[in-house]
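Every chain is named by a letter (A, B, C, D, E and F) in the order it is written, and numbering of its residues begins at 1.
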Amino acid sequence: MTRRILWLNPVMNSAYDVPIGDSLRAEAREDTRLDVASLDGTGPVHLEYNAYELMVAEPSLRTVLWAEQQCYDAMVIGCFYDPFVRAAKEVTRRMPVTAPAEACIRTAQSVGERFSVLVGRAKWIPEMEENIHRYGAERSLASFRELGMGVNDFQTDPAFTERRILEEARAAVEQDRADAVILGCTIEFGFYRTLQAELGVPVIDATVAPLRYAEFLADAAALQGWTVSGQLGYQSPAVDEYAPFLSPLEPHLAKDPR
Amino acid sequence: MTRRILWLNPVMNSAYDVPIGDSLRAEAREDTRLDVASLDGTGPVHLEYNAYELMVAEPSLRTVLWAEQQCYDAMVIGCFYDPFVRAAKEVTRRMPVTAPAEACIRTAQSVGERFSVLVGRAKWIPEMEENIHRYGAERSLASFRELGMGVNDFQTDPAFTERRILEEARAAVEQDRADAVILGCTIEFGFYRTLQAELGVPVIDATVAPLRYAEFLADAAALQGWTVSGQLGYQSPAVDEYAPFLSPLEPHLAKDPR
Amino acid sequence: MTRRILWLNPVMNSAYDVPIGDSLRAEAREDTRLDVASLDGTGPVHLEYNAYELMVAEPSLRTVLWAEQQCYDAMVIGCFYDPFVRAAKEVTRRMPVTAPAEACIRTAQSVGERFSVLVGRAKWIPEMEENIHRYGAERSLASFRELGMGVNDFQTDPAFTERRILEEARAAVEQDRADAVILGCTIEFGFYRTLQAELGVPVIDATVAPLRYAEFLADAAALQGWTVSGQLGYQSPAVDEYAPFLSPLEPHLAKDPR
Amino acid sequence: MTRRILWLNPVMNSAYDVPIGDSLRAEAREDTRLDVASLDGTGPVHLEYNAYELMVAEPSLRTVLWAEQQCYDAMVIGCFYDPFVRAAKEVTRRMPVTAPAEACIRTAQSVGERFSVLVGRAKWIPEMEENIHRYGAERSLASFRELGMGVNDFQTDPAFTERRILEEARAAVEQDRADAVILGCTIEFGFYRTLQAELGVPVIDATVAPLRYAEFLADAAALQGWTVSGQLGYQSPAVDEYAPFLSPLEPHLAKDPR
Amino acid sequence: MTRRILWLNPVMNSAYDVPIGDSLRAEAREDTRLDVASLDGTGPVHLEYNAYELMVAEPSLRTVLWAEQQCYDAMVIGCFYDPFVRAAKEVTRRMPVTAPAEACIRTAQSVGERFSVLVGRAKWIPEMEENIHRYGAERSLASFRELGMGVNDFQTDPAFTERRILEEARAAVEQDRADAVILGCTIEFGFYRTLQAELGVPVIDATVAPLRYAEFLADAAALQGWTVSGQLGYQSPAVDEYAPFLSPLEPHLAKDPR
Amino acid sequence: MTRRILWLNPVMNSAYDVPIGDSLRAEAREDTRLDVASLDGTGPVHLEYNAYELMVAEPSLRTVLWAEQQCYDAMVIGCFYDPFVRAAKEVTRRMPVTAPAEACIRTAQSVGERFSVLVGRAKWIPEMEENIHRYGAERSLASFRELGMGVNDFQTDPAFTERRILEEARAAVEQDRADAVILGCTIEFGFYRTLQAELGVPVIDATVAPLRYAEFLADAAALQGWTVSGQLGYQSPAVDEYAPFLSPLEPHLAKDPR
């Protein structure tokens, strides 16, 4: 009962595809196969700005169509702003689509009572806070804390990054009464185990939690038929209507070597 | 002290540009000049689906850049889902950008206590309801009511459209305790005056209200310097960074004849 | 298409009428005529207390009746507690009535994401916070900050006032993550331009924003007939019933010299 | 340990003073003495309009000052809009002031889970709903239901009134899932016992509940010193400042005959 | 018209029964008779943990049944987590049941605008905060503050306890803008008068407020028949069904000596 | 990597243990082993009343301790009121505990936008609605709908039950704008597949969803160490303190035959 999951780094930058793939396969269930994709072409290499999200919207959505066609069991759009999920649910009927904020929030709500989100820059907070409201998690939010780093700084000097996360995570626990910490960017991957051991509270990684959640949704879709409802807001457009301008697009792909 | 305002129909369909332009210029202040634009190319001719919004995201945002460059005093992104406003605020520093839902809600809140939104299809409601929450207007919402019509049906048989709107608006007032009615799609233009006379409550048109609000914001920007704050969530990316993939784009344009 | 707007300082103190009038006319549209009024008689010279609001309720409401009779296009009740607006909407049918908090909040929400309100004393906060909830703006509120000054201190030593506002506004931006600042009292007029230049974020003045909003509402009323709805909570009492005890009252008036 | 309570009918109409006094004394504790007052002069004889509330604001507040001076142990401002309570709390330091909506809501929340409020006209609902939000009771509200009667109709044909209340109360229980009913106007007095027996759910009377709550607050003030806090929003103005325009006023008084 | 009230310390520890009884009788109305009970057997001597609440659930609920049978006029379940109130309302039909948080919150809301709750440990906060939300009091909450003491520390060194409460209460008023303070544990009894005198704001005691509220509810039940509604969530199970496993249980009792 | 999960029917009734076990094993992952337990002794055979929940609290919690000791990978407390979860999280440190409402709500929120909950009786709604608020899902709730059946009626005449569920589910979709349906009682098991096929929207079963969610949490605990945080509200009592009155209890057990 192997599940095939597609992780999309929705940027024109394949640099993180292999490291995220390797890192996640070490965390996945034995029966999970994980391919990691990114977008071809010229465009944003990070999504700190909502404007940049819009610049990758079209190829990302087309990748969703491709993934459904390829029979993936679930897909993760790998950005903590959870972009394009509504549109993805419209154009898919079988394959669940999730994203980091949804998965991290649900995980944190099951293991703790109040979480802090560690973001790179204060700039990210308002859009993320809107999502927290959309997910109904505002009463679970202890705080946002800012690391003062950009997306592409996190993996440059890992020791520094780890130290900064540790400082802010500790302050979240001690000053803001958080009992769980969410790493609010997928590129903060690779740190959670050390931090968790150090801090003694769950540290929710923004790549691992959505993998876990995707496995859960993939099972629920495959075994129970619990997939996106087309009854209301996720109703699909007619293929005839959209075929001229919205078609599947194969992304840049790092396949699971197994 | 003439204000130049750009109305964008964010679709690959210029059919409504002239009628909306004519209709709005009859409602505008004397010192307002209103150009109406739509998008070139092949793509969605309506935005009933969030997926379709994504397919016009890039050219719409590039039009925003072009409009700021052309020194428009304000711009309206003419779809009741209020798409791309966050991104538009990031990449502009001088020109205010508004959209129908924001403008209609603020107008309705000033003249009444509870409004109903008349939508074409139930499918539209969840995304619109999210916006109503984002604008903090959930306690002002009496109901959504569905006309059972698509965007491109509204102007096909105007007498039928008017009758349907009237039926649902009346039910909103009598059954849902609304004291104001919002027409929840820009293509419901041309009906509000008759309906308002018939119903005896304010009927807020989704093209006229954003024009009015754009004039207000244009004045506040020009006279008081109250334009988008770059301090937090609307911080701008560096031009150097985005120039390779995000540049101004001139839309299909119907200029104010005056 | 000249608009005539009445600004009411709802206090028995005409000292601010001329300076506010002069200051606002410099900010108004060319086609706006602004008269400034205050109340005759013995009574409160500021409204820091809700009890004082009640002591000016009757003459204020009678002034509203007078203004509607005099065919003003819009009226501002110039106190940041937004007093008497519900009652004013009941007894008017044509003339829009607005007030500083509504106008400042809507302006701040259009240009930023989170605002701080700078109040004179902590005493003012609870009543103002109730209004922020009534306007659905609680998620936009970064903080209240207290200047430690009474209404009638603000214009006594302008340099001191400016310094204090600057200190608290800076703290609001740096510590409370505000990206816009609202001056929470009309008598904080005259400072916003300098502060805004200094701080680099929008500073919303409690006299200018309602003027702007009144112009917007006046246009919407005159051109679209969007005035107060009498369908629900703003239903009017019968003139016959109230004539014996509620009649128009001409206020102390400083007319627009133009 | 006798408690003296003042009930104010805040209208220029003494017609209900004796019947309300008689009715309430039959419901009061043995050690309660209840005086009932109304306002002298020409003015509103009911408060269905917020504008009318403003016309009785000054004499009502002056009556509050008088009552504190006369050493009443508690006072009820007898209108279901709960008018003037904030101001009353500012100018008193010893005597608790309560009002019908607060008392009815708290009572209903202790005996049931969801209440409906039976109002005379739909016109009343928005202002009352604002109060329900201010009291944090929005999740306890099952519905408002409208009787189609004015304040001064309730006692004209009691059999008719009772029948109408019964119809709407039954619908509230059966259709709106209310398990308690609040009579949303003080002049709906005299009906609750019959209705309660008939319906089998608590029917909270808008005169009796505030009497009960006033006794509770009077005890807490007298025995524990739990009276209004002057620390924040209820801070008092200086007597010197307000004495020229705000002084105690003896109302029209129907004293407890005991 | 004497009222008999039962206070239950829902723990297997009778040490506080006499001191709480003595202390409360000095605060009660003259016509109140107050018996204090605790639970027999081996079990928790404090309820800092929700798990401990569950271990006393059965005998506590059986005591409620006993109290209704004994014709008490009201009962208080004396723990600030307000445990078992829903169940108690199901199995009683005549006797009101209240608890400290409900009573303290309602009292604080009537005398002030924002309260702080002083808890022993941070551990208690999430469960208490859930109750504050259930009571709709989240907008009245200024802060929780932690004393760093367990339940059974409060009466060990009263001078130390008083000093700690004073420190945190002062910080609540000065830093968190509270204008009332709630002592968030019944075993913080005996301190409120001194603290209140020192601080100048109402300090609500978690034993005295529920006594007061119980008297209020007892009167409303006895005089108006306003007792728990069986219409919806508080519907009772059939006695036949529950008799085999749920029967009245006489607690350890310290009777009112009068 | 087999996961062992314990399902507890927290009632003194083993009748459903085998059917639920059989039914769930057919839905589980291949590597899941599912034991089903119920409670020994005399007591409630259903939990429609909160009072009944309290009567099974102690043995249920002791079963949680036993399950942690037996090294189960996760446990479900099988009642849609989600009882005892907070306490269970306090006394466990390794084994995740979940319950039907949490699991169903999270599943429904991932596949749809608005769900209806089909309950047996209106009596259940208020307690369930409190949970929906605690989970922050109030904006996802379309409606509760009542089947007019008790817990122990559901499996008596399955054809009737199915028909009733279908009727109400259809009304939820058509009248309440639900796009997903939750079966709000574990004993509504066995129906979801037929209903889902008939209705065309996801029908979330209250036994299957928590199984799925338990697998997800078990993986997250075993692979990432994301288990309950002891930092704040789920802090554990000292074993020494609770050992005298709270010890592991082996339940009535139907083991996985595989």
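Assume a residue touches a chain if its C-beta (ideal position, glycine included) is under 8 Å from a C-beta of that chain, and two chains touch if they have at least 3 such contacts.
Listed by chain with UniProt protein names: A, B, C, D, E, F = Allantoin racemase.
This one's a predicted model, so the numbers in the text were calculated from it and none came from an experiment.
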Going by the contact rule set out at the top, which chains touch both chain B (Allantoin racemase) and chain E (Allantoin racemase)? A, C, D, F
Using direct touches as single steps, what is the fewest number of steps from chain A (Allantoin racemase) over to chain D (Allantoin racemase)? 2
Centroid comparison with chain B (Allantoin racemase) (C-alpha atoms), farthest chain: E
Repeat of A-F among C-D, C-E or B-C, where over half of the residue-numbered contact pairs coincide, is which pair? B-C
Most distant chain from chain C (Allantoin racemase), judged by the mean position of its C-alpha atoms: F
Counting residue numbers used by both copies over all numbers at the interface, does the chain A (Allantoin racemase)-chain B (Allantoin racemase) contact come out same (over half shared) or different (under half)? same
If you average the CA atoms of chain C (Allantoin racemase) and of chain F (Allantoin racemase), how far apart do the two points sit, in angstrom? 54
Taking each chain's centre as the mean position of its Cα atoms, how many Å separate chain E (Allantoin racemase) from chain F (Allantoin racemase)? 31
Rounded to a whole Å, what is the gap between the Cα centroids of chain D (Allantoin racemase) and chain E (Allantoin racemase)? 28
Hey, how far is the Cα centre of chain B (Allantoin racemase) from the one of chain F (Allantoin racemase), in Å? 45
Out of chain E (Allantoin racemase), which residues touch more than one other chain, so two or more? 113-114, 122, 125-126, 133, 139, 177, 232-233
For this structure, enumerate the chain pairs that meet the touch criterion. A-B, A-C, A-E, A-F, B-C, B-D, B-F, C-D, C-E, D-E, D-F, E-F
Give every residue of chain B (Allantoin racemase) touching chain D (Allantoin racemase) within the complex, in rising order. 113-114, 139, 177
Sort out for me which residues of chain F (Allantoin racemase) touch chain E (Allantoin racemase) in the complex. 12, 42-44, 48-55, 57-58, 60-61, 84, 86-88, 90-91, 122-123, 125-127, 130, 133-134, 232-233, 235-237, 242, 244-246
Any idea which chain C (Allantoin racemase) residues touch chain B (Allantoin racemase) in the complex? 1, 27, 29-31, 96, 98, 102, 106-107, 109-114, 135-140, 173, 177-180, 192-193, 196, 200-202, 204-205, 208-209, 212-213, 215-217, 219-220, 223-234
Per the touch rule, the chain B (Allantoin racemase) residues reaching chain F (Allantoin racemase) in their complex are 122, 125-126, 133
